[in-house]
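Sharing a structure, written as structure tokens. Questions coming.
As written, the chain order gives the labels A, B, C and D, with residue 1 at the start of each chain.
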Amino acid sequence: MQDDYTLAELLIVAAAEAWRGNGEVLASGIGIVPRLGAGLAKLTHSPELMMTDAEAYLVEEPVPLGPRGTYVPRFSGYMSFARVFDCVWGGRRHVMIGPIQIDRFGQTNLSGIGDPFKPKVQMLGMRGLPGNSISHLNSMFVPNHGPRVFVAGEVDVVGGVGYNPARWPKGASDRHVDLRLIVTDLCVLDFGGKEHAIRVRSLHPNVTLEQVQAATGFPLASSGQLPTSAGPTAEQLALIRRLDPHGMRATVIKGNPSAFAPRATGKLP
Amino acid sequence: MFDKTLSAGAVVAALKDGMTLGIGGWGPRRKPMALVREILRSKLTDLTVVAYGGPDVGMLCAAGKVRRLYYGFVSLDAIPVEPWFRRAREAGRIEAHELDEGLLQWGLRAAAMRVPFLPTRVGLATDVLKLNPDFRTVQSPYADGEVLLAMPALNLDAALLHVDRADRLGNVQTLGPDPYFDEWFARAATRTYVTCEELCERLDLAHSADARCNIVERSYISGVVAARFGAHPTSNPPAYGWDMEHLKAYTGLATEAGGWERYVNEFVSAPEPQYLERVGGAARLAALPPPVF
Amino acid sequence: MQDDYTLAELLIVAAAEAWRGNGEVLASGIGIVPRLGAGLAKLTHSPELMMTDAEAYLVEEPVPLGPRGTYVPRFSGYMSFARVFDCVWGGRRHVMIGPIQIDRFGQTNLSGIGDPFKPKVQMLGMRGLPGNSISHLNSMFVPNHGPRVFVAGEVDVVGGVGYNPARWPKGASDRHVDLRLIVTDLCVLDFGGKEHAIRVRSLHPNVTLEQVQAATGFPLASSGQLPTSAGPTAEQLALIRRLDPHGMRATVIKGNPSAFAPRATGKLP
Amino acid sequence: MFDKTLSAGAVVAALKDGMTLGIGGWGPRRKPMALVREILRSKLTDLTVVAYGGPDVGMLCAAGKVRRLYYGFVSLDAIPVEPWFRRAREAGRIEAHELDEGLLQWGLRAAAMRVPFLPTRVGLATDVLKLNPDFRTVQSPYADGEVLLAMPALNLDAALLHVDRADRLGNVQTLGPDPYFDEWFARAATRTYVTCEELCERLDLAHSADARCNIVERSYISGVVAARFGAHPTSNPPAYGWDMEHLKAYTGLATEAGGWERYVNEFVSAPEPQYLERVGGAARLAALPPPVF
């Protein structure tokens, strides 16, 4: 019974762990899984987290995704875009976003593919990546773990800073840089390797380290026996359903597979 | 007293080729689209645009009005990448000064406070520096000696905003939950022009109780244009939501040959009253629901 | 009949002139005469002036002084203290204050008398003088023109900047410094002398240039025949009464003399 | 959930000698006087205080708690110069870092944004530089090359604020027309303690409609103290005005021998409930009229 959950639901639980023990920070989950993860964290292990209604107000009860029916969010505080930047620069925030590229240094790209002066594919732009990454806790979500995301060299456009000494001007301070988790459809990574190298922290069910390494453009650190990523408890699953009453989490991973579905080997897009 | 009202055409006539224009709002939210459409109808060109971009930036790019663009993103929110902006970028047609979102407002604040720069860590160690090769660093003169990015002032020749209410004197109010950075666009600009949903003779007489919704004092407002639904197809919360049906059609045209000409012919070439009819008329627009996140 | 006005009323009219032709600036008159002057300016020659309720809101009708009875100010805009500084630094303001000392450079002091590290008399502090004086138009009001106010050397504590080259660090910009009028109980001064020297612009009735010079710690510029300061017209007087229904202007100059009262010669405190 | 409420005594016990304290409010407006009185009752000393000063600063000076003071003014408004501050200054008893008012908030913003300094023209060519000999200038790295004052960050160990409403989680609201710079004191501080007129279990449940009155997010609020009339004798608009009768008596004592001891004996030595009785009780305080300007 307890094993009756989807991969997306497992990812939500894994994402929620990013916000554990952060203290009182604004938990910003951008996208369905990160947002549900933040909400789950607040409703379980970390009630001190702050959260917005995804518009301009703070709430103490995470707002469910999608049409709200009769549910009306109640506001405990104000968080306009202007205040978001004050919050970001002040450092009391932890955001999880889905970059289009991540490199071995943890540098991230949301701007585009190719030459930034004439991109092959223009994406969103820098958005808040430079500010987020240099100011407060950051985590990432990757629903399609592969070498196009985890690139072999540097990302095409560095939006979010990482642990790449060559990028830092002399005298500049990286003291607030603190990259935490990368939750992917294959595994959970962190920056616990040597000199903040990206390290495998846990593998999702039926995923091998070799599969993960093959899907990654750079060598991953890992140590000893890797645990299997935990799926939701019955309580967590109930909370996830409450936070996502319309089942939008089913759209995150193609086919919405069970967490225990067999994986194709040599996954290379 | 005095009267700052004028037509959208008169606003655009006051703008000059090569100017730096700031555009208020945020993505597909409270954009001064009636003024943007009026620019599309004009010969104005060679603009430097500073914006948290939405269809305003996309349309100006599509029409070839933009030479240089300062932006943190250009997005329609539910449609993550603005399609016409994407085309212009991928064609290498605009000089793209991509910025962090917070850095953009910091540059506006520098201009507002009339200082040449404001320091920050944000942008260091990123390709913001590659895309803005004129940016310089500055060292703290204190014991820390830290090297910071000196975000230069984004001085604007003019700012364009859309507000809920304005009066003839130039007093303005926005009623939505978030004023975005409109205040800072105005303070960074030599002149600011607003369109408004409701034009009053005197806001102090009509809406004194909402005075705290005044986003910037009227000394920053040079001209006021009455433009009900002037933000369409972007949202103007809480009055009306964005028009996703329209934005989807607009997006669809970006991958069609002659798509922009079709959009212009259908929606831009005729003056504003016809535009409002062609997009469904006042009753439909007033009923556009606010988006739910 | 038209000559039936007090010195204070003449000073209000003189103060109002400071704001003529400024364009759309926040007119801040600190103290009874400056405030009434600003109000009078707005109600007559300069309706474009902005004004606050002396608290946090902008008004289009100057708020009368003192208890308001049934009068309720109506607000056209918001002007919190935070926004005042944004307005000041942006430069669209003209303030008239009453410094305790003014020197030949137009430098002003509101901080105290004597050594700033151990003042003989501590006054208010810098307040907004450094910011006002370096950012936008400034005028001054002196109800007791004498050498204690118009000091021979530099003011004891420089709060407001002036046209004193020795004070400006190399590379600093004084381009926004623009000192306008000094309205005193004897005369109206401006900065129209050589290199912004303080100059007599008009003399109040029954005041001689010699009296003014004798009451001033530094040489004053003046040129040709000096006009007599204009008193209020009947219309202005009616407006002044409306703006000051409780007659607080009577408290500004000791004894509330007529504008035409004889002056003691050699006025030296 | 969690609960940040504590007593005024516990707040003061958490403060240490030699700390830098920021105090919110403005002159005789919305000062956290219940916490100031609790400091007066304690042995806490050797403080660096940053404030737009009113009786908070005056009382701390009178009690010899202040070693160093950063201020733009210290005033009771209708009584232009705070009398006890004046005495301390004229006796040369405090290290006075007199600032321009705008410069003070600029230093708080620098701390809030965690940059070592923010540039400005304000303070140049004045004795701000004499009274703050540690201040340095910085040169613009751009073509203008302008030399500006580098206002250093005013980093606070703790900030003390008074608000209208707070909840146990640390959410706060102020209802007056002007929030002053309380937000920036909080953001500049490692920890912030607030007193509140009304303590709620949950502001989102009790006063959601006023959420825009939230001056800073609760991550900046370390502790919440229930203190009805906690701003007395300063004003807490729109709820009550300042107590000019009390402030006049307080001012009168400044020129009497043993005046401070008398003030302490009469008003400070007994705990807060007695204080409120001695200044006239709740009915009188609730009826103190707002000042008219």
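FYI, a contact is a pair of C-beta atoms (placed from the backbone, for glycine too) under 8 Å apart; a residue touches a chain by one contact, two chains touch by 3 or more.
Remember, it's a predicted structure, so these values are computed and weren't measured experimentally.
The interface holding more C-beta pairs in contact, when C-D is weighed against A-D, is C-D.
Rounded to whole angstrom units, the spacing between the C-alpha centres of chain A and chain C is 59.
Averaging C-alpha coordinates per chain places the centre of chain C 30 Å away from that of chain D. Chain B and chain D, compared by their mean Cα positions, are separated by 38 Å.
The multi-chain contact residues of chain B, meaning those touching 2 or more other chains, are 113-114, 120-121, 137, 146, 148, 177, 212. Each of the following residues of chain A touches two or more other chains: 57, 89, 135, 176.
Working note: touching chain pairs come out as A-B, A-D, B-C, B-D, C-D. The touching residues of chain D, when paired with chain C in their complex, are 26, 53, 71-75, 80-81, 85-86, 89-92, 96, 98-103, 105, 120-128, 130-131, 137, 139, 145-148, 177-181, 292-293. Across the complex, chain C meets chain B through its residues 23-26, 47-48, 50, 57-61, 74-79, 83, 86-87, 89-92, 135, 176. On the side of chain D, the complex with chain B involves touching residues 113-121, 136-138, 140-142, 144, 146, 148, 150, 152, 177, 212.
Contact residues of chain D toward chain A in the complex are 1-2, 112-114, 167, 169-171, 187, 202-205, 208, 211-214, 217-220.
The touching residues of chain C, when paired with chain D in their complex, are 53-57, 63, 66-68, 80-82, 85, 88-89, 111-112, 116-131, 133-135, 157-161, 164, 167-174, 176.
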